[in-house]
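What follows is chain A paired twice: with chain B in the first complex and chain C in the second.
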Partner chain A sequence: MIRFIFKGVIRDKSRSLIPVIIVSAGVFLTVFLSSYFAGVFGDMIDLSARFTTGHVKVVTRAYAENEDQMPLDLALLEVGSLKTQLNAAYPDMEWVERIHFGGLLDVPDENGETRAQGPAIGTAIDLLSPGSTEIARMSIQESIAKGSIPSKPGEALISEGFAQKFAVSVGDEITIFGSTMNGSMMFKTFIISGTLNFGNAFLDRGAVFIDLRDAQLALDMEDASSEILGYFNDGVYNDAKALQVTESFNSSYNVPEDEFSPQMMRLVDQNELGQYLSLAEHMSSIFILVFVMAMSIVLWNTGLLGGLRRYSEYGIRLALGEEKKHIFYTTLLEAAIIGVIGSVFGTVLGLAGAYYLQTYGLNLSGMMDNVGMMMPAVLRSKITPELFYIGFFPGVIATVFGNALAGYAIYKRKTSRLFKELEV
Partner chain B sequence: MRKVVVLFVALISFAAFTSPDAKEILDKVDRNMSSKNRIFESSMIIHGRRATRTINSISYSVGNKKSFTEYLSPAREQGTKMLKLEDKLWIYSPSTDRIIQISGHMLRQSVMGSDLSYEDMLDDRKLTEVYTSTLAGKEKLGDRDVFVLDLVAKVDDVAYFAQKIWVDAERFVPLKQELFAKSGQLLKRTEFSDVKQVQGRWFPMTIVYKDMLKEGSGTEFRITSIKFDQEIPEYLFSKASLKK
Partner chain C sequence: MENHSIIKIENLVKSFPVGKGEFIALDNLSLGFEKGEFAGLVGPSGSGKTTLLNIIGSLDTPSKGKVMVLDKSVSELTNRQSAQLRNKHIGFIFQTFNLLPVYNVFENVEFALLLQKMSANERKKAVMDALEWVGLTEKVKSRPSMLSGGECQRVAIARSMVKRPEIVLADEPTANLDSKNSHNILQTMKNLNRELKTTFIFATHDEKVMQYLDRIISLEDGKVSKDEKVKDPKN
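Moving on, here comes the complex of A and B:
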């Protein structure tokens, strides 16, 4: 029976071509857009995790309330022992210290006086320890535009935009002027070891990277840091595990009466990333729902047109004694075969498109000069196992459902009027 | 009835005769607070959220155009110098041997974590030059009678668009000041106390600044000694003197 119907579908193009194209297009869009949003949201969350939020983050409660202002006076103290305790309690995670500070980047002239200056956003990470994972995590090596990563204390990386604006390059001196943790004036001169271009305005604007130890000395932050970030060793954010770690840490360390006691936050608790993560998770479901509904309506309509076209055929089949139920059943079987063919085509096309975008990406760096959020400059899709079936089943279901709605008209045919209709 | 009217008119005339107008009050305030030049030593006590720090300095100023400050202690700040000429500000750091000019948005930043901004330090003009004033009333502040004045900026280059100022009705020194943005938001509150007579003028020796946009208990600025109309060598107000 299936073979018979399959031959009918293949040989009678007018019966199958339009539905196959519609199903293929719908499945293609579902697969491709699901992979695109999974990729973009995934990259945004990954970028935020690597640069600002970690998988979990430890700060003082007072710091968390004013984080936008980078308040060094509210930083974590005794971070050495805190890190030791974190390493012991959560061995499947890596814990790193970071310092964020604001200030003024000042470029001297030959007399040591200000030649140019501008606001800087400083980040201090472990650049010099052998085996530091921070360079790879923040893609520092890949983002070097000129020069190299600092190899000794007193060296700094600045954004390429900064370097061009102030006409400085590798080997030149810059002074960073700001406030220490205690509020004293901080002046520290660095030699530019290289320039950076992350390709993201949010990261590149006024960026200065220095070694953590240099920052601790300059900012009077001996054994202190703005934050301690925790990363799962497999590099993948796991919300259930993060929740477990956060709850266990906060129950032991967070003292409600002490605004300087450390508190831990999950990635999803920061910068509205929870909403993005939730949106990324639900985007596929939204696509499928819209797809099934829209496709069902379109295929219902196509089925109705097909039903009209095959009105005489159904009449003859009924007149020859075929049961209405059997005609309905064969129509559904035919729809299922069309659905399978369309869904296979759509899935293959969608995966091909997703693979292309995953490999080559969509470079929007030229349009991101004023983007104020942490977004990857090259948008890429992401191929996940669910893409192989995410469009397939809805494609088949929508086709069968649409044809079931249209085919229901078979039951409305009156045998007594069949011969009269067939005379026409 | 006639006696009552006469008495009423007499009282009104007396009140008008004894209460100076707002401009006159502000003039008297300027005469106390501004001078041809002055040298003062001070302690700035900064009450942070975690700790309190005291920074000692000596300042030399001529009118409202030139000033030179050298930080004396603690060791972290010792040798740091600031020079103000007109509307420009330079800071010298002995640790880097660099002179850095502060400009733009940095002028709004806090000086050494205090409740004072560089802009506050720069703007030392007479109140009558910057604001138009109206007398809002007369009231008691503590045990002192005060005039309450509302000031609105008449120039554009001013850090605070409006002020409310409580002026001692007898000594004509400000005892309290509230500084507002154009939106009407209260930005800073300043309280003056320990008013002493120095070389024939009344002067508040302790000023407490409170930045209303930041937490903490404010910054106390105590003048430990002050001298007006002194001989100050001109070379002090040059960039060369910063590195000396």
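Moving on, here comes the complex of A and C:
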């Protein structure tokens, strides 16, 4: 019987083509959009992790409360010792120091007088140590617009936008004014080794990158840093592991009465990233729910139209001795076959689309100039194992459910009444 | 012809609700059919021919009275039992052939057997035998759209006969056929009736059909107005 039904489905295009197209389209959208959201949200989180949050972050309790102000006076002290302890306790993670500071960037003229001045957001990372992973982590090499990465102390990178605004170029001097960790005035001159363009206004606006050691010297932060970021060695954020590490660290180091005691935070505890992650996870469920409901209604109608068209066939089958229950059952079986075919097509198409967007991406850098969020300039989807079934089962379920609704009349009608209605 | 009653109808009443009242399609009708009969229900439209065929075929149930088909009371059959009765013992032939358009001749005839537990080889043999009876063995791969009206009705006959039923119910089987095809079809059914002892009951008002019947039951307003044996039916 299954073979018989299958032949009917394949041969009767009006029975199968439209439902297959509808299911394929729905499954395609589910798979593709799920991969898109997984990719975009994943990239946003990854970007945040690489630039600001780490997979976990260690700061003082007081710094955590005032992080937006980049308060150097609340920075971590004795970070060398702390890093050694972190490396020993959590060997499957890499720990890096960073300093964030605000200040004024001053551009002198040929006489040493101020030619231009503007607010700068400074980031100090390990640029000069051999084997430093920070350059790769922050994609600095790929983001160099002009010049090169600092190769010696006293060099700095500034954003390309900043450079154009102040009409400075590689080799020019800039001076950064600010305050040290102890509150005294700081000014230090750097040579521009290169300019940066991350393609994101959030990262590019007023950005100055200098070496960590230069910053420690300039800001009186010997053996101190704003934060220590921890990254899993495989580069992938794992919330369960992060929670384990965080709880373990905080139980040993965090002292509620001491506002300068270090405290560790997970990625999801910072910048509302937890909500983004949760949204990314729920987005697929929302798609599936909407998809199943919409597809069921559409396929219900398709099933009704198909049923009307096949009234005569059902009448014949009743006359040939088929029970109406069996007709209903075979209608569902037929729907399942159509659902499987449509879902396979839809999944393949969705994966193909996802693969294309994952490989080539959608470059929106031209639209990102004024975007204040930390999000990637090139949006990419992400192919995950769930995509292979995330649309498939809803596709089959929606088809069967839609046809079950349409075929319910057959199941409930009295045989005699049905036969009369079936126009045999 | 064996003198064995396979259908007994006693005081059959079938009514349908119409508005607040009811329409009586069959009015206290009593009849019997014996194995191997080639009988016809004749009468004008609305006389109750098709309703009676549907009740004999257990597609409908009596409002009152008793209908026994192969010693089974139609009123007391469950859905499954009536489906089984149709599937194993009763064949239907319709005015408009009602072949399944997406299946070829072989598959249309085979469909009637798919509901029975038969092996593929058994089914194939039964289908080919049935197509041989109606002279269509060379058209097994053809779709209904490629066949003439007469050929389509032959396929319908093969489909109704493939399970070798005791009873075949034919509702206006020649209404869509020309004279030549009508005679061919009737000749085929007459041969099957003779060879397999299958009981054929027609609902018709076609004179051509009546020539072949060996019993003519006239219905009028749901009642039997005449029931007569034909002395020398066409063979």
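Going forward, the second predicted complex is superposed on the first by the 411 of 424 C-alpha atoms of A that agree within 3 Å, B and C clash if a C-alpha of one lies under 4 Å from a C-alpha of the other, contacts with A are read in each partner's own complex, and residues count from 1 in each chain.
Keep this in mind: a contact is a pair of C-beta atoms (placed from the backbone, for glycine too) under 8 Å apart; a residue touches a chain by one contact, two chains touch by 3 or more.
Since we're looking at a predicted model, the values are computed, not measured.
After alignment on the shared chain A, the placement of chain B and chain C results in a side-by-side fit free of clashes. In the overlay built on the shared chain, the residue A:Gly80 is in contact with neither chain B nor chain C. Judged by the touch definition given at the top, the superposed model places A:Leu318 against chain C, while chain B stays out of reach.
Within the superposed three-chain model, A:Asp12 lies in touch with chain C and out of touch with chain B [touch as defined at top].
After overlaying the two complexes on the shared chain, residue contacts for A:Pro153 are found with neither chain B nor chain C. In the superposed model, A:Phe4 makes contact with chain C only, not with chain B.
Of the two partner chains placed around the shared chain by superposition, neither chain B nor chain C is touched by A:Gly235. In the superposed model, A:His326 makes contact with chain C only, not with chain B. Think of it this way: put the two complexes on top of each other by chain A, and the tightest Cα contact between chain B and chain C is 80 Å. Shared contact residues of chain A, touching chain B in one structure and chain C in the other, are absent. Against chain A, in their complex, chain C makes its touches with residues 54, 57, 59-61, 79-80, 82-88, 90, 92, 94, 96, 98, 100-103, 107, 110-112, 114-115, 159. On the chain A side of its complex with chain B, the touching residues are 62, 73-74, 104, 106, 108, 112-114, 117, 119, 175, 177, 179-180, 182-185, 187-189, 220, 259-260. By the touch rule above, chain A contacts chain C in their complex via residues 1, 4, 7-8, 11-12, 15, 312-313, 315-326, 415-416, 419, 424. Within the complex formed with chain A, the residues of chain B that make contact are 46, 48-51, 53, 76-77, 80, 91, 93, 95-106, 109-110, 112-114, 239.
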